Amino acid sequence: MAKLCIEGVSKAFGEKQVLSDINLTAESGEFVALLGPSGCGKTTLLNTISGILRSDAGRVLVDGRDIGGLPVEKRNIGMVFQNYALFDHMSVGQNLAYGLKIRRESREEIRKKVSEALEMVRLPGTEKRRISSLSGGEQQRVALARAIILRPDILLLDEPLSALDKNIREQMQFEIKRIQKETGITTVFVTHDQGEALAMADKIAIMRGGEIVEEGKPQDIYVRPESYFAASFLGTNNLIRGTYDAAGRRMAAGELFLPLERRDFQDGQEVAAAIKEEYVHITKPGNGLSGVLTEKLFLGQLVRMKVSVAGHELKAVAMEKEARELLVGETVGVELEHIQAFAVQ
Amino acid sequence: MAKLCIEGVSKAFGEKQVLSDINLTAESGEFVALLGPSGCGKTTLLNTISGILRSDAGRVLVDGRDIGGLPVEKRNIGMVFQNYALFDHMSVGQNLAYGLKIRRESREEIRKKVSEALEMVRLPGTEKRRISSLSGGEQQRVALARAIILRPDILLLDEPLSALDKNIREQMQFEIKRIQKETGITTVFVTHDQGEALAMADKIAIMRGGEIVEEGKPQDIYVRPESYFAASFLGTNNLIRGTYDAAGRRMAAGELFLPLERRDFQDGQEVAAAIKEEYVHITKPGNGLSGVLTEKLFLGQLVRMKVSVAGHELKAVAMEKEARELLVGETVGVELEHIQAFAVQ
Amino acid sequence: MKKKYPWVRAIMILVYAFMFLPIGIVILMSFNASPYGTFPFEFTTKWYELLFSGGDLGQATALSLIFSLLVALAAVLIGLLTAQGMRRIGKRKAAVFSQLLNSAIIVPWLVLGIAMLILFNMTGLGRSYLGMFLGNTVVVLPYVVLLVYPALLEQKPNAESAARTLGASPLRVFWTVTLPGILPAVAAGGLMALMVCFNNFVIQYYLAPFGVRTLPLEIYNLVRVGYKPDINALASIMVVVSVGLVLLVSRLGFGKKKGLFW
Amino acid sequence: AGGGERTLVVANWKGYGSDSEYAVEQFEKANNCKVVHQYYDSLEQMLTMIRQGGNGKIDVVLSNMAYTDTAKKEGLISAIDTSKLENYASLQESLKEVEDVVDEEGKVYGVPWMWGTTALGYNKEAVGKEIDSWSALWDEANQGKVTMFDDHITAVLVAAMYIGEEDPYNADLSKIEEALMALKKNCKLYWTSYDSFAKPYSAGEITMGPLWSGAATQLNATGVDVEYVYPKEGVVAWTDYWCMVEGTKNEDLAMKWIDWMSSEDFQKEYSSDLEGQPPVPANVKVQETLSDDVRKALYIDGDMPEKLYFQKAIPEETNQAWLDLWNKVKAAQ
Amino acid sequence: MKNLENQTKQAHSRGRSGLASFGLLLPGGGMLALLVAAPLILLIVASFCANDSFSGGFTLANYQQVFADGVFTSLMGKSVLMGLAVTLGCVLLAYPVAYGLAKLVSERARGSLIVLIIIPFFTSQLLLIYSMIVLLQGQGPLMSLLALFGADPSASILYTDAAVFLILLYEFLPYMVLCLYSAIAKIDDNQLRAAQTLGAGRVKRFTSVIFPKSLPGLLSGILLVFVPVTGSFVEPDLAGGSSGMMVGSLINSNFAAAYNLGRGAALSVLFLVILTAITLVINGLLRWAGRGRQRL
């Protein structure tokens, strides 16, 4: 229950600048997801917050207090690691009690808190179990319990779910979100699974090459990104280049003309557009543009399609129900929505 | 290019029966996916085919020839492992040449085949590279090339993509499928990613507890499964129990009545139904059943919703576009499709 | 992470200094005129001249090197077989076997050397090259196995199976996949065996055939008549050569592969 | 080297004269053969060597008087026809045919080669006065500067001389123990080899202790000053004999070797090699012709001590008792 | 991961494998049986034999003699103390070094540093002992250096137990470092970080994570150090002074100075039994301590 402010944090390993002037705020109780390609510095950023790494410049403030001078163990920041980092030479109960014992809480108190925490992560009565006897999902929950049992000001989660199977993973996403809501701990969550970030976060920050490119509410950032990188990074996109036609308020890419919402381009300016595959709607012929369906692949809930429009092959996706009647080789109508256009630098 | 027949194969580890009377056929050139929960015996089955394990009973036939008596190295079966199992003390070229050298092919021949195989997996000219200098996706492709370069009769793939990131993964699915089509090698593919199985396979076999529960074409088995296990295992389901009402040709679950296609139940018989979340369509009020939208979660392409209908809370999923106008708390119409019902044993 | 744990770094430097201080003395003394290693220091190279003017020391060193190499080789071969066997019989049974190996380490060489001599005398083998070879090999064998066995267990899973599916026979799999995979551990084991054997005075003292003088025995003999600092010269050369080799190897990047040791 | 060349195998301590270049080369040239040395590092080992597989392999062996008796009784060495040795007549009479090297029939089993003493060596400069008695070792003034030879026989004999026993070989062990315990208080260390005396001595850690004459010679020769005196209570002495191993196939060569070792040429050469720890040559002619410097270096320039207790064979039980006693002293804290 | 492990296990637990495994274990096992077990049994038999040729019938005389004068007991006591002290010294020094090697130094330097620590032993051990003596002796480099700070240059610690301690420490430190290194290197960095985020300072991290997790390495290190140190005899003979004798010398002198097989064997057997007992006790204590830390 504390506000986290990261102000101008930079970090280099030798020659290599890994974080450059990072600014990020997590309001009290907020759940912030850090999303970005591998190697962009996500783990490094978490480590500078927790104090495991010392930043070269900048400040980390918790409720306005600069914690830069404190050693890790004094920062009251909980952390959950990708590989859980449970103490496998201890039982589940001992793992949870670890931090409490350091705080010299009474035995009674410890026992009570441990059993409450296990209840919270839905593993009641497992105090005596060996870590190695737990499944991956269970270990993940213990790791979470161990971090929140100390009621940290800030909770940092570094790809906590990436080692889990899809089913357990979805379940754990739900659990983590629930527990975060219940405890209200300000949380920073690193992942490179977009669905995860979108489903869980109050705010998403997108990183790239040591910088935060953009931040915003999940739906905002997904549907209306402000940068080309965010637009092309999130979801599956059709990326199209063309020139802006000020008169027609559209961009021209070969024979394909795309109406743009943004108007702040100059005539003839080079423009890059990203259209997410789900915003390529394929309908009965006659609607919108005209194209030919060239491929259809059944994926369960969704059907992925490819459609050839004015010399471009566009990816599209639809629910199985909607795609049912569309046949490969047929002429179809294509409607485009949410075309994100950006000036090419 | 060979037909694989598995007939009555069983295998136990000590007391534990891991495979019980498995029968499975892969036609020449067919791509079969094995799908099942963790620990159901998928890897064990592949290992009995390759000969790494010896089965307790049953036969493995390749083009009608029983290969049970042959040691692994004589079976001419290629295998790709989850962790690639590349020889990291050898270069890429040496990895590919390994099997050819054992076959005493000429240097010229080997060089040619290696460069062809690398071309096929889109890594031309990487013969001299160290394995450790390759990314995960590239390693995966080398592993695939190493297996197919020997033109095996059968290719076995044991969760080859599970260690990869989502993006590379989708790309690799495509590549594998392409190469399999090009070479026409009969392939058995183990995964526990349903989307993967659905997207790639000609035939899916679903395993559970050492048995093959059901097999069929991807779309058939997904939309019209024959067993309750397959129905509930595939996709995200709403599972509902009730009794059959022969008069109304429907099942009754509390106040919810579901019309059934299957009619072979007796009146009053206990019935379990599975409705996939994408077949719960939420529309404007007035259509179908009436419910209240209780939750909406943005997932990017899809929006997950929960709707309360006649005392049941049903999961539903829709494209963002369709869900856009639906608001939490509103009364909505609910249409159900593809209700799969099974007798409860 | 730099500059964390200054005291740990200080102790490391101290310990390395401690380890190489006597070596420094040996090198210093090899240039000191006094045959008794006393000060004041007086520079000379006469001990090196003496060393290279031939003599028993060179012979003994050559013998010790060849002998230790053979012992290390045998220990590595047998150790590989043993470790492979231990892996095959499963962890539980292997634990029993490694207890057996441990016990071979904990019995003091003094006791073991004497006991083996008694046995060899009884069986008529007596002091012989064979006996000395067997004795030294069995003493270094546990070091090899205890290094190689864990490495075998940590082998990348499935690589061996993969090789089988590519048509390799079990033997070929061992040579082309298993062995290269555990090479650092095997090298470490071999090095350890070499070092322990090269230095093993006690076992050789009891088991060496009469008149056969390995380097430890030669030095032991020399000590009785008064050894000259030409041994220091010899030791200096050996240390300088081995340190040079180590640094060279690490420059070439072999050391980078995680953990040349363990 | 010709194909028909024969090999003579000689067993001796390392660096003890016979393996020097001049000794080996001259003999090889004269007899057209090859000489190979096998070293032992204790007399027990010497015995074991001949006992096990030594027969037929080793031809000639150098043995201490105390051990020839055992070797002779066990039949490890064979009798020597001394009349065939040209130089036998020149050897010091008092060393010839003593009890331990002849059997009941008077057959001779060992030819005397060299002899030496274990007397008192000390650092005159550090001690600051002349010493002529073993009692200096017990003198409190020298506390912490004394060393003792770590050998149960030497220890018992020195202690026996110090307490004035008539027959050191039959001394009262309880008194000896008392004396050695007292000595322990003064002792800094017990030395075991030339090096373990020479190093601390030259470093000034110790200033006095029982010492081999040859060791003193070598120390002086290499520039470390040491006084070597024969204490008035007596001195331990030892004699080394050449013996022929029973069953040798090279008896003629062996005899020639023994003769060569007794010869004036060889003994003179060796005695002058002061850095080779030379003892006193048994050849009288050599003794007479040695230069004054060498005589001085070998400590035979002045009067020889009256009481010279030669190390001789002692019974097994006595040996064990002395060893136990010595261990007890060493183990005491 | 688990089933991957299983696979390798499977691959090696197939038919005929029993015989093949036996064949693989035969050379090593055979050597151990014939060259370690058999001689030791022989030694035990010898210790109960009335004479050296194994024909004298059963007797306890050898053991009675060993205990008759109390020499063995006092030497054994002293040796065990020395063994414990050196082992403790090794542990105290080796922990930081092993930790530094495993966690602090760069990957590049690590390999070389590890090999460097055993390089001194490619000279002769005896030579190293002598150079330590040169180092420590009066007027030697160390004392000369200390003299600059006002110490008496001729008053060295050589020929005392302290010198023996130092020399043994020097000789056995690398073994302890290597053992601890291999154990500490396996500790997951994230576990240490996790402990840190849970509020554990340096000491707590050591006692609760590093110590328990390096226990196997520590135990084998203790085995490799304690036993040989306790049985050493060259070092005390050379540098221990007149009171330096340890039990190894006693055993050695009974075999070398007087060839008394029965007595020597009895001494060896007793020595082994006592050492094994002490090692077991230390093992137990440490395991208990490792576990004790973690009790709820």
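Think of it as A, B, C, D and E in the order they're written, each chain with its own count starting at 1.
The working rule: contacts are C-beta pairs under 8 Å (C-beta built on N, C-alpha and C of every residue); 3 or more make two chains touch, one makes a residue touch a chain.
Worth saying up front: this structure is predicted, and the values here are computed from it rather than measured.
K.L.:
Could you name all chains that are in contact with chain C and with chain D at the same time?
P.N.:
The common neighbours are E.
K.L.:
Going only through chains that touch each other, what is the minimum step count from chain D to chain E?
P.N.:
1
K.L.:
Can you check which chain pair, B-C or C-E, has more C-beta pairs in contact?
P.N.:
Most contacts of the two pairs: C-E.
K.L.:
At what distance in angstrom does the C-alpha mean of chain D lie from that of chain A?
P.N.:
Between these chains, centre-to-centre, one finds 89 Å.
K.L.:
Provide the C-alpha centroid distance between chain A and chain C, rounded to the nearest whole angstrom.
P.N.:
53
K.L.:
If you average the CA atoms of chain B and of chain E, how many Å lie between those two points?
P.N.:
55
K.L.:
Averaging over Cα atoms per chain, report the distance between chain C and chain E in Å.
P.N.:
16
K.L.:
Listing for chain D: what residues touch at least two other chains?
P.N.:
195-196, 199, 203
K.L.:
Would you mind listing the residues of chain C that make contact with two or more other chains?
P.N.:
Each of 1, 37-38, 157-158, 161, 220, 223 in chain C touches at least two other chains.
K.L.:
Which chain E residues touch at least two other chains?
P.N.:
If we look for residues of chain E contacting two or more partner chains, we find 4, 7, 11, 130, 134, 139-140.
K.L.:
Given the complex with chain C, which residues does chain B contribute to the contact?
P.N.:
47, 50-52, 71-79, 81-83, 85-90, 98-99, 102-103, 146-147, 150
K.L.:
In their complex, what parts of chain E are in touch with chain A?
P.N.:
Touch residues, chain E against chain A: 188, 190-191, 193-201, 204, 208-209, 212-213, 290, 294-296.
K.L.:
What residues on chain C touch chain D, complex-wise?
P.N.:
Of all residues in chain C, those touching chain D are 34-38, 121, 126-127, 210-211, 213, 217, 220-227.
K.L.:
Going by the contact rule set out above, which residues of chain A touch chain B in the complex?
P.N.:
Touching chain B from chain A are residues 38, 165-166, 192-195, 198-199, 218-219, 222-223, 234-236, 276-279, 281, 297-302, 304, 317-321, 337.
K.L.:
Can you list the residues on chain C that touch chain B in the complex?
P.N.:
Residue list for chain C touching chain B: 156-159, 161-169, 172, 176-177, 180-181, 183.
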